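One structure is given below, represented as structure tokens, and several questions about it will come after.
Chain nomenclature is as follows: A, B, C, D, E, F, G, H, I, J, K and L, assigned in order of appearance, with residue numbering initiated at 1 for each chain independently.
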Amino acid sequence: MNGPNLNLLGKRQPEIYGDQMLADVEADCRSVALEFGVDIRFHQSNREYELIDWIHEARESGAAILINAGAFTHTSIAILDALNTFDGPVMEVHISNVYKREAFRHHSYISQRADGVIAGMGVQGYQLALRRAIALLQDGSIDVRVG
Amino acid sequence: MNGPNLNLLGKRQPEIYGDQMLADVEADCRSVALEFGVDIRFHQSNREYELIDWIHEARESGAAILINAGAFTHTSIAILDALNTFDGPVMEVHISNVYKREAFRHHSYISQRADGVIAGMGVQGYQLALRRAIALLQDGSIDVRVG
Amino acid sequence: MNGPNLNLLGKRQPEIYGDQMLADVEADCRSVALEFGVDIRFHQSNREYELIDWIHEARESGAAILINAGAFTHTSIAILDALNTFDGPVMEVHISNVYKREAFRHHSYISQRADGVIAGMGVQGYQLALRRAIALLQDGSIDVRVG
Amino acid sequence: MNGPNLNLLGKRQPEIYGDQMLADVEADCRSVALEFGVDIRFHQSNREYELIDWIHEARESGAAILINAGAFTHTSIAILDALNTFDGPVMEVHISNVYKREAFRHHSYISQRADGVIAGMGVQGYQLALRRAIALLQDGSIDVRVG
Amino acid sequence: MNGPNLNLLGKRQPEIYGDQMLADVEADCRSVALEFGVDIRFHQSNREYELIDWIHEARESGAAILINAGAFTHTSIAILDALNTFDGPVMEVHISNVYKREAFRHHSYISQRADGVIAGMGVQGYQLALRRAIALLQDGSIDVRVG
Amino acid sequence: MNGPNLNLLGKRQPEIYGDQMLADVEADCRSVALEFGVDIRFHQSNREYELIDWIHEARESGAAILINAGAFTHTSIAILDALNTFDGPVMEVHISNVYKREAFRHHSYISQRADGVIAGMGVQGYQLALRRAIALLQDGSIDVRVG
Amino acid sequence: MNGPNLNLLGKRQPEIYGDQMLADVEADCRSVALEFGVDIRFHQSNREYELIDWIHEARESGAAILINAGAFTHTSIAILDALNTFDGPVMEVHISNVYKREAFRHHSYISQRADGVIAGMGVQGYQLALRRAIALLQDGSIDVRVG
Amino acid sequence: MNGPNLNLLGKRQPEIYGDQMLADVEADCRSVALEFGVDIRFHQSNREYELIDWIHEARESGAAILINAGAFTHTSIAILDALNTFDGPVMEVHISNVYKREAFRHHSYISQRADGVIAGMGVQGYQLALRRAIALLQDGSIDVRVG
Amino acid sequence: MNGPNLNLLGKRQPEIYGDQMLADVEADCRSVALEFGVDIRFHQSNREYELIDWIHEARESGAAILINAGAFTHTSIAILDALNTFDGPVMEVHISNVYKREAFRHHSYISQRADGVIAGMGVQGYQLALRRAIALLQDGSIDVRVG
Amino acid sequence: MNGPNLNLLGKRQPEIYGDQMLADVEADCRSVALEFGVDIRFHQSNREYELIDWIHEARESGAAILINAGAFTHTSIAILDALNTFDGPVMEVHISNVYKREAFRHHSYISQRADGVIAGMGVQGYQLALRRAIALLQDGSIDVRVG
Amino acid sequence: MNGPNLNLLGKRQPEIYGDQMLADVEADCRSVALEFGVDIRFHQSNREYELIDWIHEARESGAAILINAGAFTHTSIAILDALNTFDGPVMEVHISNVYKREAFRHHSYISQRADGVIAGMGVQGYQLALRRAIALLQDGSIDVRVG
Amino acid sequence: MNGPNLNLLGKRQPEIYGDQMLADVEADCRSVALEFGVDIRFHQSNREYELIDWIHEARESGAAILINAGAFTHTSIAILDALNTFDGPVMEVHISNVYKREAFRHHSYISQRADGVIAGMGVQGYQLALRRAIALLQDGSIDVRVG
């Protein structure tokens, strides 16, 4: 799951976010998913409620969640509350190292629920987080829901 | 590089740190290193100055640094200053999700220098961080110094 | 009016929120409304803007507002501003005692506008708040808008 | 149980506290108690130690406690500690919406123990809190101690 | 661009916001636009994501942005991030002098990106900010996107 | 009225303050004043007491005040107190967007009295603020005192 | 009215409080009262509730209150609330200059209600405060209640 | 001297305070007193003023004070002020390790006067503190006042 | 000594400062001075340096200082440092009760040096402070410098 | 276990630490150990890592730990983490009453793990803490590791 | 350049500032200047604006600035802004070690611009700072402006 | 004495620390020592305990201490405590102006003991501090211990 402004990935501020597009990220994730034989769903939205709705859906149909909530990371207790209703592994991903940037990006509500956090690993962070989620689920045949 | 108390990994507080030993972690890292054909050095110390000295050595002989500085993460400006003298990639690893634990574990001096941060991915976090470091160096034939 | 994640009431974290569904809450409210002969409308949304729009509508057609804004309670100045445009009684309801939970749940923007606040009374809190709203309006024949 | 200055209820600052007297509040509570067939004791004191002593007595003879500790709400850890020795339901009542008033009234030590909190519902808040206490005790025949 | 609750302009709290309607504001802006021969688009929404989407659109078709994000000013990092993807002048407008009001209105995420800020100039603030945006673009013939 | 160091306008730090001189600013203001037929007085001083004295004089002979108090904005309660003795419109002007600069420039004592605030609009901000002051006085024939 | 530990005046810490006894203070006050022909009552207690009760009594029989609440000054919201129910002049007296002592003595709840405050004037402060109270009541023939 | 709620010792929250009664504590203290041939007085009160009065009495008749002020430890400047009038050794005792509990229990006004502090040593802490007080007084024949 | 804006006393904000002029204050002080046979000098300035210079002069020719530094009270360490070079009694006077006003008026640098502080006693505060200064100097024949 | 600078005990700042040497402290401890028939090891080091190593050793061979970590008390999370790996009783000792000294000495990381804390009891504190440790272990025949 | 109260150097508080007069300081500086063949100007003023004016003059005629702004160090953003307009070396001097004194003396606006800072070196600090300024200018023949 | 990472002086971050090596610094100090006929010892270590041990040695054999503790400046209370055991002059040196850098470098534990502080004077700062230490010792023939 990808939060606000990530639809512009690769187009905006490449000095911070690099020049890969979100489609490239999805392709990367799908190649890891293929390697382990799991199924993923890939979303992006600028709408907080869509992220919440997708998390609610994942309660039914997903085994794990990878989430880069963008700016909502720092402001949305509603997304945290939604994640608190989910039982499987939750991986939090940030493309840039948020701990080096403005002070308001140092705090994450999502980290209070996340099992693991990756920041500053660029778009490769998605692949690494996916590897972790699959390892936690242990058996690659189950349905891994990536975002 | 591993900081204080990590020599007890697998023996202390397994509900937080799991039951793998530091030797297992080293073996994991070496298997990734083998896969990519890079050379690693693996250290642990309870002594802040040894971590500083190893970082200074890495200026000469290392291409990248993976560091889990344990409790020094939150208190050692001296290690941050040492890392600031190093030019290659720096990956910060924490076994547990430090952002969920006591407030004094939420701040990391090392994050101010690290290129990437992984927390809460268990001992698998070392492998993932190593993959990222190798990717940044792009060419697996160069000498990657892990810790 | 009910905010984000309340659609899962009774399904998520029953140790915090109990096991009654939102439909049960609506039924409870309707029984009190029936007792006093007032009309209520009952809403839930994960979308901040819908809560705002409903408050705007209540300016025209509602006599009082009962609101459990969930996580938006602590983050949404926009909902506070909307409530500030409403002239009738505003009752703020929380199912759990938010003052006992994480520090970020202790502050409510809505409390700055609310006439009354109920927390930790479980789903019964809605009924009690409705009784108060009706008492304030004094005359049961007027249209009470509950959320 | 009612804390300091509440003996002046109805006489002081009616724009904040309304014009009902404490005797009216007691009558209100007794009518609810009658409706549910429970027994209540009603107290007021300007003495912190009397509130503590009454809570200690309630350990023996009371099933639930309703408390409006007035100014002690914000300053008395001793009352909190006393309430922590009590096993039944504790309902915290404030006549005015304390969250709208001076900053020092926003924090309540009692909320850290209370099962439920009502603020800003005027003297009606006592009745509503009593309904909740009775509901928690489930069986109206047991002795409900109101303050 | 106008944020939440501004659709009620002129109807709510006239002692703070005056009695001009949003349509009057648009007319004012259009008269300035006409004077300088520029084209403007005028929007209002209670939805955070629409403001984000419009900013994304302005990356393609707009030369400057005037934004009164209402309550989102103080809470939305997502809008700040969207504005950070835009290259032209950004003017921040507030009808009231927010620095005189509640403390939570003193901080603006948008000010961290805005080139200029106007507060407390009433609805005339829009016209003044538009004059500034046009001056920055220097040549009135280019397309100025006002919100 | 212009505060300390503004005598160097156009000579110091042009990357912050631009390259227009204070005389240019005065000329700009006079052209707007001419357009509306009002009279202005234009001052600059590095002396806090002269700003105070001029504000006292304006009580007798001025209809409105435009003030860019420079560094005194952030430190002088004495100027705020002086402005509090003045009845007409007060416009606060900053050439740079002070909210983007050092934290100690984010707070303004003057904003607590000012009717309107303009920041980051460069020297054009004076003209815009003057337009607003004249609009507030409504009738261009009265004596507008600019600083 | 005198708060806790003031019964030891003249016996404890004379370097802070001087060597006059409380009886001397009373005599001083009575001599001023005699000069102006007013009646005073003089109390001291280590009990917070007695101070509250005396304030309640003063609502009936007192025209003004002089209060040195000692340590309760800094901790008792209950006394502040009691004073808020009193309509006449309230004078706050401290023998030492509390603003020079420990930080926890710099804040006074009583100052939020007091008309006037005197600190560091030694026991003479009582006389001076009494003169002020009498001046406010304007007519020396009315009953002035000093503590 | 023992503060509020300590009369319930052994009856309330044994997981924090253990299961020894206050009478057991007194017996323990008396056995140490007997060993050293000193005389002790043992008190408990829920009343802040009684603690103050006993400290005042100890000025006359006591050689040392042992005090467990319970919740008053964290809130009572009046008790601190009373202790400041006492010249002999003051020992502060807490049964539980207050530094591990809620943040509001970490600060003690009494520690600003106490010669020694013991926390978390259970009821044995009284005995240990008594040994220290006796050692400070050096000569066991003098009258040691324990609370 | 009187600080900035006090030259407008009686003309500005009479709801805060009353309607007596500074000349009336001087007359009041002179009448007390006459009663005790002391000599006073009375100053007012909006200039911080004049206050400093007068304090320096008082080192030579004054026995005591009465100072109402107005807004400089809260911001001028330079005046505090000047007062620290003076050996005689220093009385701090505020016409209004500054502890009830904006938070930035609660802190006084001057209080760190002042022997006594009077606030909220209106212009009568000058007379009362003068009585205290004379009492401290004990012998009315010496030269008392009042500001 | 004794931390940095304690090797100078009795030589440095006797007004704070008294004039007994560390060897005297060891002798005191050994006499208590002898009384109860337990075995102790006594260490001092200025090296943080030696304290950590000794704690690790105590995991194998010690039954309880007495620790006066000196300045490391306030700065070393690494020592806290080491203590967290130890299962037996931990007693924290400070010779002086650290809560009366500089603010940075009020916080102890070690207190978050310690079972008991003694401060300000001079070198006698070691003996008292040892008594407590032995009591907790209940059976004096087991090996008590003192530092 | 020397700020407020430094005209009293050697006369006030010699325990803090020593007993050398400002004329001695000037003589010291001149002897160093003579040694290196540079020209200095030496000023002192209690007036903030004179310090600002002298800095402005130094823009024309000075190569370096030594400044001891006294109390203005901690309060004057105007002096910082003036220094920001100067291109040459700026040396900040304090006679006493300000970091050991009151907390409000720990922060210096001037340090944000100064190249070097000397504190607690007594009046010798001026000489040392002058040596540094000359070293930075490298060539002793240029005009060094000392304050 | 030189703290961690200073062994890399001249090699690391020359934009902050310049390009002189630590050996150059030692040579500079020795030339000043020679000029005044004093003896110095010059150390560097990355080990906190070695700095502590050297300070302990200096108690026996040194007359003054010059210390640049690097990062330990901001974190080591143990070094402060060691310095507190030393009686002679202590000079604190920083090569860069630490007050301009990250906030965590603004606070120095060492400044609480140091007689003088020099920052931002580059490696010349050592020479200047040495001159001051010698001046304080007054007689060049005594043994000056430089770090």
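One rule holds in what follows: a residue touches a chain if its C-beta (ideal position, glycine included) is under 8 Å from a C-beta of that chain, and two chains touch if they have at least 3 such contacts.
For clarity, every value in this text was computed on a predicted model and none was experimentally measured.
Novice: Quick check on the contact network: minimum steps from chain B to chain K?
Specialist: Contact-graph shortest path, chain B to chain K, evaluates to 2.
Novice: Which neighbours do chain A and chain K have in common?
Specialist: Both-contact set = empty.
Novice: What rotation angle, rounded to the nearest 5 degrees, superposes the C-alpha atoms of chain C onto those of its identical copy chain E?
Specialist: 120
Novice: Pick from K-L, D-G or A-B: which interface has over half of its contact pairs in common with C-E?
Specialist: D-G
Novice: Look at both sides of the chain D and chain G contact and report whether the same residue positions are involved, with over half shared, or different ones.
Specialist: Different: when the shared numbers are divided by all numbers used, the fraction is under half.
Novice: What whole-number Å value describes the gap between the mean CA coordinates of chain D and chain H?
Specialist: 32
Novice: What is the distance, in whole Å, between the centres of chain E and chain H, each centre taken as the mean of its C-alpha atoms?
Specialist: Centres of chain E and chain H (C-alpha means) sit 64 Å apart.
Novice: Round to the nearest whole Å and give the separation of the Cα centres of chain B and chain C.
Specialist: Measuring from centre to centre gives 49 Å for this pair.
Novice: Where in chain I do residues touch two or more of the other chains?
Specialist: 48, 75, 112
Novice: How do the chains pair up in terms of touching? List each pair.
Specialist: Final set of chain pairs in contact is A-B, A-C, A-E, B-J, B-L, C-D, C-E, D-G, D-H, E-F, F-I, F-K, G-H, G-I, H-J, I-K, J-L, K-L.
Novice: In the complex of these two chains, what residues of chain C are touching chain D?
Specialist: 97, 99-100, 108, 111-112, 114-122, 124-125, 128, 131-132, 135
Novice: In the complex, go through chain J and note every residue touching chain L.
Specialist: 3-5, 7-8, 11-13, 45-48, 70-72, 74-75, 102, 104-105
Novice: Over in the complex, which chain C residues touch chain E? Could you list them?
Specialist: Result: residues 48-49, 52-53, 56, 59, 75-78, 80-82, 84-85, 109, 112 of chain C touch chain E.
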